[in-house]
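Lettered A, B, C and D in written order, each chain numbered from 1.
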Amino acid sequence: MTDPAGAPTGRTFASDNWAPAHPAVLAAVAAANEGHAPAYGYDPWTEGAVARFRALLGDDVTVFPVFNGTAANVLCLEALLRPHEAVICADLAHIATDECGAPERYLGSKLLTVAAPHCKLTPALAATRLAGLGDEHHAQARVLSVTQSTERGTVYSVDELRALGEWAHANGLLFHIDGARIANAAASLGVTLRETTRDVGADALSFGGTKNGAIGAEAVVLFRPELARLMPFQRKQGMQLNSKMRYVSAQLAALLDGDLWLANAGQANALAARLEAAVTGLPGLEIVHPVQANAIFVRLPLAAIPRLQQHTYFHVYDEATGLCRWMTAWDTSAADVDRFAAAVRAELTG
Amino acid sequence: MTDPAGAPTGRTFASDNWAPAHPAVLAAVAAANEGHAPAYGYDPWTEGAVARFRALLGDDVTVFPVFNGTAANVLCLEALLRPHEAVICADLAHIATDECGAPERYLGSKLLTVAAPHCKLTPALAATRLAGLGDEHHAQARVLSVTQSTERGTVYSVDELRALGEWAHANGLLFHIDGARIANAAASLGVTLRETTRDVGADALSFGGTKNGAIGAEAVVLFRPELARLMPFQRKQGMQLNSKMRYVSAQLAALLDGDLWLANAGQANALAARLEAAVTGLPGLEIVHPVQANAIFVRLPLAAIPRLQQHTYFHVYDEATGLCRWMTAWDTSAADVDRFAAAVRAELTG
Amino acid sequence: MTDPAGAPTGRTFASDNWAPAHPAVLAAVAAANEGHAPAYGYDPWTEGAVARFRALLGDDVTVFPVFNGTAANVLCLEALLRPHEAVICADLAHIATDECGAPERYLGSKLLTVAAPHCKLTPALAATRLAGLGDEHHAQARVLSVTQSTERGTVYSVDELRALGEWAHANGLLFHIDGARIANAAASLGVTLRETTRDVGADALSFGGTKNGAIGAEAVVLFRPELARLMPFQRKQGMQLNSKMRYVSAQLAALLDGDLWLANAGQANALAARLEAAVTGLPGLEIVHPVQANAIFVRLPLAAIPRLQQHTYFHVYDEATGLCRWMTAWDTSAADVDRFAAAVRAELTG
Amino acid sequence: MTDPAGAPTGRTFASDNWAPAHPAVLAAVAAANEGHAPAYGYDPWTEGAVARFRALLGDDVTVFPVFNGTAANVLCLEALLRPHEAVICADLAHIATDECGAPERYLGSKLLTVAAPHCKLTPALAATRLAGLGDEHHAQARVLSVTQSTERGTVYSVDELRALGEWAHANGLLFHIDGARIANAAASLGVTLRETTRDVGADALSFGGTKNGAIGAEAVVLFRPELARLMPFQRKQGMQLNSKMRYVSAQLAALLDGDLWLANAGQANALAARLEAAVTGLPGLEIVHPVQANAIFVRLPLAAIPRLQQHTYFHVYDEATGLCRWMTAWDTSAADVDRFAAAVRAELTG
């Protein structure tokens, strides 16, 4: 799934990180470009971004802007564990499959994966990886990590998350949420950021902005001050301390202002739902997972795939079975969807 | 030297990374904000940035945009060595003093530091850390790393660099240049980028854009294709693969276009020289290092420091001895310098 | 399965590393205790041990004695891969389950596990973890690692190993054998060390002596000289360079002399077979895996377990299902087996 | 200083790790070779070794036998710091110069070295590396590590150690003693193990047995229970958990029994003093450091070195200046010393 050089660059269904930045984000970056500002996050824009997170999540959260999602995940995990400890996660979790081993490399820790239907863990599934606690021969499970919304476009309900958080804490584990697309989940559930993170027991959140209309802005969010004590050093040593941090912080602030983050995600979700509705029942097309955020996983006839990619580019996940992902973004329009749905219909019924 | 929250944010002499982005860089980011583009660097802006580097440095260089200077250095070094190998560098090298141990943490490698007058290594100084080659008890020196311009505002001449490169290669070492301020060096020397990097024997260059008018843009530049074979994976595992890379690449391209990088650096250098000239000989003020780029290291009477910081903020490097750094940036004006120089004169002679 | 302090210390079926050293090994250590010898492996005993390995495996193998099996595995893997590369192994492989994450910690590499019936991989199973080659988002599978004999007491046939080695090489992978119990495998198969390692395509072998009658002696064996170039440094940096190496090397030599390694393993294997035969068909007892080396995995009625442990101590692998391991060692006697088999019979049929 | 293959193996002055094991140690290993014993340290010999350490050092110390000195140092440091923290040590400290970068590789931490006359740190010297505490750009000094006796054969007095321990604690650092030759120091000072470790404020001690008559036996000793909480896992993940630990523990116990450790070290020290006395004042020979333990550092005429090495082998430390080390061991005899001293005298005065 390497991104193809020279692919068509009109609006696609390839990925939300193929989408441009929202104009309000760009405007915020431009507005931050005034005069000198202390480097490394000691600037008013960063203060402002942190204040917005605290308004949403509580005054005692700590927020550390970082460059990308891989780093947000790795640094969240570093706040929660030591090298001999391990992370329980789904086998298709981004940290397990799409970060080229960054967690293992940087943390020295093991990921304990478990196959999870529709990419969603349950306490029962997680419990299968709890073996060997106290036994020095085994990496010690210390963190439960889930992705919300998931890598397969599904969304944990608040109750499901709360059950996972309670299970984690009851078993001596900390609870991490990879929120690269937390906005899509909150919009899908119709809940606040706090309701789907802190209130379900999360200890740490990777907050994602990049896929939701930023140029590039993610944050490590830690819900208990004692977890954050070493993070200034850990972020710097982790190569994620931004000298001109104001430009990342301004993006985060712009997304949170006026709930742009929710509006962007809601738009992407709505268009995914529209596309799902338009293609459901077409012959030869199978919707593989519930469509609950901004991704539709479909199985398509192999011959149809290249023709449809020609119309609007998207990623193939499995060449053998025809598994494909259609992903909407904040900038997807109803017209985009309708045009593509028509093409799919024509292809499959023509 | 933690950056003080709430410091004055007019133009300062604090650091070139307190300066905003150059308008042309900002415009390039805005111009890149059009439609969908393949993520992770498979986009035309990245292709364009790479092409510009190749025009300057040769068609066989490889260029990997990354987020910050720490990462550029760490990834350049990863391209050049294995964990049991070591890096010879000056004791005040940024990699040794200002990266919170990121090289040791990520690479597992040792830095072999040597005290260097005016922060400039020589073959003779470097040779003092060559001991134990072939002896399995000792980390094996494998890379010579110099910073150009240096952390103390000095600049290696082309001949000095060439001698270091030749010494390195003659002794089985590879040659890395930390070019966080390579633009200031090139402008100071009046040479091309190639003349102060590839042509002196560099194997790898950390190319810095952030301090020279970017929002945040650095690059790993490798001068031999075989050094780059693993870098796509190393950059990803190193948490430095940017999903929306076009925005960083557009910045790099904007800096290289029309030699904006040289103009920006030249402006900063010229204003540093103007400031140096204006304060040279003032009673109680000592210029500690030759002023060859955009930093002036001065010793000031202790009592004068807070009053002058009040006028225009700058960093104190040693509270005990009154060692301070005045650093100019691409946006420093002659009026800034003249006002400050007058204040210094008044303070020291008043 | 932490070893219980104060457990009975007569002969047990707990583990082959509960057994003492063979008298010939102890005698070799005593014989090595003469006068001064160069440290760090530059001694005649190490030379002698290496010569014995070369006589068995070919003149171009390189052999690096190390302290324990975890280190032998980790260093073999370090010889074969870089941090962004990964190891395909069975989900119950010792490197995956019993080394407290040492491979991830030290190598920074990912282990790609796959469920394997009777703990034996096949090319088809291994192929399920080959996805994403060339894609920088994914750790790159680089090594296939199998354990011979396996962690479940089964043994790969020579043909099975050769098929795995060929598959590995055909897919650009290197082939590692964790031979903590390679002696039991060779004895079981009736083949030479070479026939079950080098001749099946192994690139690296963790040779185990500790479980086979040594005090503590393992070795990294590399089958191609170019893989060994960095190992002297890697072993030292990996905290495995023994200053008084002669005492480990003398153990290895003693095991290889007169094929003591095969005799020891053959004895353990034969007694395991005797025990298997004696209990096969007893009511309530299930033999879980083919018994091909020196371990018998049985499921027992839960109530019977503590009473039988009282007779002769052994490890429980799963408290819930009654999965237990009976392991013989070089010092197990027929009388030990017969007494225990009688006790099992009495317990289950009484 | 790689140990030369094929060097003469009668008694030498090369290193205390060229010496054989003391007969009592070998006897203890043989005595431990009885029947089955729980693996991984849950055996009575390990219990016995720990009890002996507790009798000497206090009931609340924790003791973890490991394989070698590099590992004892690295694991002691792991107990004391996190990766973004650093170790202040002498520039010639074994951890800095003779472990092929193992501390950096395994811990990810930086070593902050300082030149130290006669290889002995002082609070004033250590304080030169304390800069940047609280500044996220700098690795945070967290441990002060000294070697007792030092790598240059000198010994800290109890008062000197206490001053270092107090300075460390007053500055928020923990205090580690690399005691690879702690026996030689205790014997030299005429104090107990406790007086030169715990009572001077040490938080962790690398206890060395190998150089003092063992086959191979070192231990991580932690003086406060809270430092030891993770060590069982850290030792295993650090590839230092010995399956048949009884054989290492028996060695440690044998050394502590009847103060054999002190007798062995006292013999080595006395013979070093005898040799020093015999050669002091010889023309062309310079004693470079005070001789306080079992090493004599001398400068010799270059031409004399190979001839004297022919007589009794020893290591050259600097080919250019003729710096050599003569090291005695527990098995050095007065006759050895007298013969060699006569040869030196003949060489230098002949």
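Here is the rule we go by: a residue touches a chain if its C-beta (ideal position, glycine included) is under 8 Å from a C-beta of that chain, and two chains touch if they have at least 3 such contacts.
Just so it is clear, the structure is predicted and the values come from calculations on it, not from any experiment.
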| item | value |
| --- | --- |
| Option in B-C, B-D or C-D whose residue-number contact pairs overlap A-C by over half | B-D |
| Higher-contact pair (C-beta pairs counted), A-B versus B-D | A-B |
| Whole-Å gap separating chain A and chain B, where each centre is the average of the chain's CA atoms | 33 |
| Chain A and chain D: spacing of chain centres that average the CA atoms, whole Å | 50 |
| Cα-centroid distance, chain B relative to chain D, in whole angstrom | 41 |
| Per-residue overlap in chain B, given as positions that touch at least 2 other chains | 2, 40, 83-84, 99-101, 105-106, 108, 136-137, 139, 233, 236-237, 241 |
| Residue numbers on chain A that touch chain D, as the complex places them | 40, 82-84, 108, 136-137, 139-140, 230, 232-237, 241 |
| Interfacial residue positions of chain A with respect to chain B in the complex | 2-7, 9-12, 14-15, 17-21, 23, 26, 29-30, 32-44, 47, 67-71, 74, 99-102, 105-106, 210-211, 215-216, 233, 236-244, 247-248, 313, 329 |
| In the complex, chain B residues that touch chain D | 1-2, 83-84, 86, 97-101, 104-106, 108-111, 132, 134-139 |
